[in-house]
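Sharing a structure, written as structure tokens. Questions coming.
We call the chains A, B and C, going by the order they appear; numbering starts again at 1 in every chain.
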Amino acid sequence: MSRLQIPKTYKQFIGGKFPRSESGRTYRVTSAEGEFVANAAQSSRKDARDAVTAARSAFAAWSGATSYNRVQVLYRIAEVLEGRRTQFIDEIRTLEGGSAASAAAQVDRAIDLWVWYAGWADKYAQVLGSANPVAGPYFNLSVPEPTGVVAQIAPQGSDSLLGLVAVIAPAIVSGNTVVVIADERAPLPAISFAEVVATSDVPDGVVNILTGSATELGPWLASHADVDALDLTGAGSLDWVALEEAAAETITRVVRPTGDLHGSLQKIAVFTETKTIWHTTSLI
Amino acid sequence: MSFLEYAPAPESRAILNLEDSYGLFIGGELTDGHGEPLESISPADGSRIATFQTADADDVDRAVGAARRAYDTVWSKMPGAERAKYLFRIARIVQERARELAVAESLDNGKPIKETRDFDVPTAAAWFFYYAGWADKLEYAGLTNPRALGVAAQVIPWNFPLMMLAWKIAPALAAGNTVVLKPAQTTPLTALLFAEIVQQADLPAGVVNIIAGAGETGHALIAHGDVDKVAFTGSTAVGRSIARSVAGTKKKLTLELGGKGANIVFDDAPIDQAVEGVVTGIFFNQGQVCCAGSRLLIQESAHDEFVERLQRRMETLRVGDPLDKNTDVGAINSAAQLARIEELTAAGVDEGAVSWAPECDLPDEGFWFRPTLLTGVSTSHRVAREEIFGPVLSVMTFRTPAEAIAKANNTPYGLSAGIWSDKGSRVLSVADKLRAGVVWTNTFNKFDPTSPFGGYRESGYGREGGRPGLTSYLADEKGSAK
Amino acid sequence: MTKQADQASAAAAPALRASAQSVLGGAVTDTNLRRFLHGLPGVDAVGLEARAAQLATRSIKTSSKAWALDKIISLIDLTTLEGADTAGKVSSLVGKALVPDPADASCPRVAAVCVYGDMVAAAVSALGSAHGEIQVAAVATAFPSGRASLAVKLADTRDAVAAGADEIDMVIDRGAFLEGRYAEVFDQIVAVKDACRRSDGSVAHLKVILETGELNTYDNVRRASWLAILAGGDFIKTSTGKVSPAATLPVTLSMLEVVRDWKRLTGESIGVKPAGGIRTSKDAIRYLVTVAETVGEEWLTPELFRFGASSLTNDVLLQRQKIISGRYSAAQYVTID
């Protein structure tokens, strides 16, 4: 007789904890073949609000950590991801369909992309920053600083793990904190990813993951005055222009949808603000 | 009982698993060396640690050959992201074995366990972590067509053995080179422990080769015809001969040599922290540091009070067993080094300087020198010009910022300097005018893998750390295939 | 007390002002105090904290540790400062001060008990014949905020002294300090010191609480330390324990440096008391190391150094028990107070 399994419960990830939606709602997550897999929390606007609060609370400590510390934490995430490789392959196959090989390829790309970004934490400032030779007796330095809280819509409908990693990593590597709306159809890898984050020395609130409808939640995050940047990478199939318009009210920085999941320095840079400091120099 | 005579707090040696004899690490394995073996001893008490086989010219040739094969067949073909993963693995294992490495380093070098534990080993790990992340980002280093150089020959000194190894190997591997590294004659132990770590990380054979030996081994390695890059840290005297030896060859060279760093203290310095900074500057690692703040330039009006505070602070320095966790100042690395320190200090006194050291008992065995202050030093004294490489501070005065700068720059060296003042505009302006590769302001002896380190003029050329530390292991080849 | 009486008592301390005037090089005015205090060398926070962290790496083992644990207990001002304090609570605290470890008669007694002024009588009564060996310290001057008129603060002080307090822990007026009214802060301390005078001519010992957490910068702490000493404080104390951050190792180090420099300048020894937030033996040992290596181990005596603590005692007792028995101990083997 085969052993009865214990199905997993999939809740949101907010402030380092795994709460159900305050609305009490769930929605059916089905496999690629249409079979019932799980009831995932259906995040509400209040969950989104709470997630932004958690992200804001976490920002000072995360952006204030040394870049060396952030490298360590991000690399630790990679170690734990690697340890859970089989679990992720399973989840992706179940929800997205496809072969074991293609699921494995996605997981491996996600982990490798994560490691690539981790290694930027203590370097991007050296490439993006500069000492500026101003025409006067001044020491002048430009440094890139994290912008703050970034609301993100992860790619929808495919690449449920890779897409998630592709948006989260470049944002948090410089010290931003994020609120991410996961792939609605395949949210389970996102929650498993949250479990990885929760066990990898990441301070509470640095990464927050909502599951549910990006159409419903997007406008609330876009218009939220305490969100500094809106990452619409995965919003290609939504009315993203309306989101961009909503974000305009508080001059929130907007990254438009792209199909591109490759790593780039530009994706880090777009979530930083350049601060330029002047200091007089004088011998006497 | 005096509380300040803290009870012994010995770090246990039990964590070490030493061999009686170590071979050469070539092509991923330990093999016999055919040079004259070295007996490494503990400078604190003269006791034997282990025997280290050394490389003769044939062994050097074998090692370079292994590095070349590994470069041609494996390492140059490997994507940067995979090189990165190997370096991350090595960084992790250094962290995991940190305590063992710290004990081994203190035993072999004579420096306090407090320093190896809190500085040398963590910094070595950090260097690997930082450069790991560069391995797959070479296109951001500022070059158009970055390419590895090939095989790097690396010769390192005895003052920070494991950390110097990390400074050399991490960027070299990140940039795609393979290496042959020779640790210093008196401190081969942690390099051979690192060979074990390389094996634990499953690094492809021949990417890292470690061969112990004395001067002849180093010379043979550097002079080897199939070496593309030479990296040397050590004395200016040896640096000169290396520069001569590579002249006209294809070899790229970086040198990190000696120094006579000036620690400049203005009358508006945060005084208690300046005292600490001066003490750290010259007594950290027993003063056996290329970037030591071995000259104190104190503003004349503040001289007497500052010297008095310095003396009071020096009285709380604890000199003794390197493996005692409360030791601040350990043993001098070798008899030869001790003799040099003694000779120069005596010369200083002969020249007219006044020598002062706190009273402290020194152990009977081993090589020891009390932290020493030489006051009344003038710019023409030997002790103001020559690198002593020991815990001896030469004290001079200045009147104006311009004079401080002139005196600080009045040396063929140009490695480090310190500036102590509460006035930002002055600190930045003085920093701007000092001819030194590393300028510390209101701090001293700070190192970070992101922060380039290296000297002007006879302190050498090239930088370690940061982006320049990476590009010194890369060629920029126009029109070459990526 | 009338303003004239206050002025009279202020004028009655001419000896103190003279030494302050000689160090200041002029009369005690806001201007002269500002010149002096702002002319002190600055404190680089990074360097200060690094030095404190270095001192914290000292490894105090075996016989040194045993000595340190006993010494810590003998330096504790065992404290209760709650609105809910009662005679019963104070009596229980005193019981603990007298017998820190009922299972071990070799355990030393604490230096003092520290209570609110209106609990002094209860403390004195509970101590009985042990009063004298163990001191009674009272917080006063509208502790912890200090936000009351000088008249009220002096009355608070006099009441505590009259009730039998051996020591007064006063708070400086942080508002006045942050406004730069240094002379007012100075004068208040002088007046409080005068209010510590008893009819027999003896004077209660004065600790001056700087409330370093509210002063915020190390430069402010440095200046306030000098100000408190110039004004006649016998001890400078970090905190009330009611504000976070309370005592920290770097702040205490900075205050010890001032005390060292004062000794160098005048030959006089001033005490230091870190209070609040020191909960473990490990932390307390770090303070002993910092004192010994900054001003000398002769400062490790109740006349010159105290810990303001409550829960620290039990952690020290647990450590003591481990040294004696060789096993790790547990909460039920120490008493609550």
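By our rule, a contact is a pair of C-beta atoms (placed from the backbone, for glycine too) under 8 Å apart; a residue touches a chain by one contact, two chains touch by 3 or more.
As the structure is a prediction and not an experimental result, all values here were calculated from the model.
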item	value
Chain with minimal offset from the mean of all protein Cα atoms	B
Farthest chain (mean CA position) relative to subunit A	C
Chain centre separation (subunit A, subunit B; CA means) in Å	40
Whole-Å gap separating subunit B and subunit C, where each centre is the average of the chain's CA atoms	45
Inter-centroid spacing, subunit C versus subunit A (mean Cα positions, whole Å)	50
Residue list for subunit C, restricted to those that touch at least two other chains	none
Residues of subunit B defined as touching subunit C within the complex	1-4, 6-9, 114, 118, 268-273, 276-277, 316, 325-326, 422, 442-443
Contact footprint of subunit B on subunit A as seen in their complex	67-68, 71-72, 75, 112, 115-116, 118-123, 126-127, 137, 139, 265, 279-284
Touch list for subunit C against partner subunit B, complex	41-44, 46-48, 50-51, 57-65, 67-68, 71, 254, 257, 288, 292-293, 297, 300
Subunit A partner contacts - residues on subunit B that touch it in the complex	81, 84-85, 88, 126, 129-130, 132-137, 140, 401-402, 405, 424-426, 428-430, 432-433, 448-450, 466-467
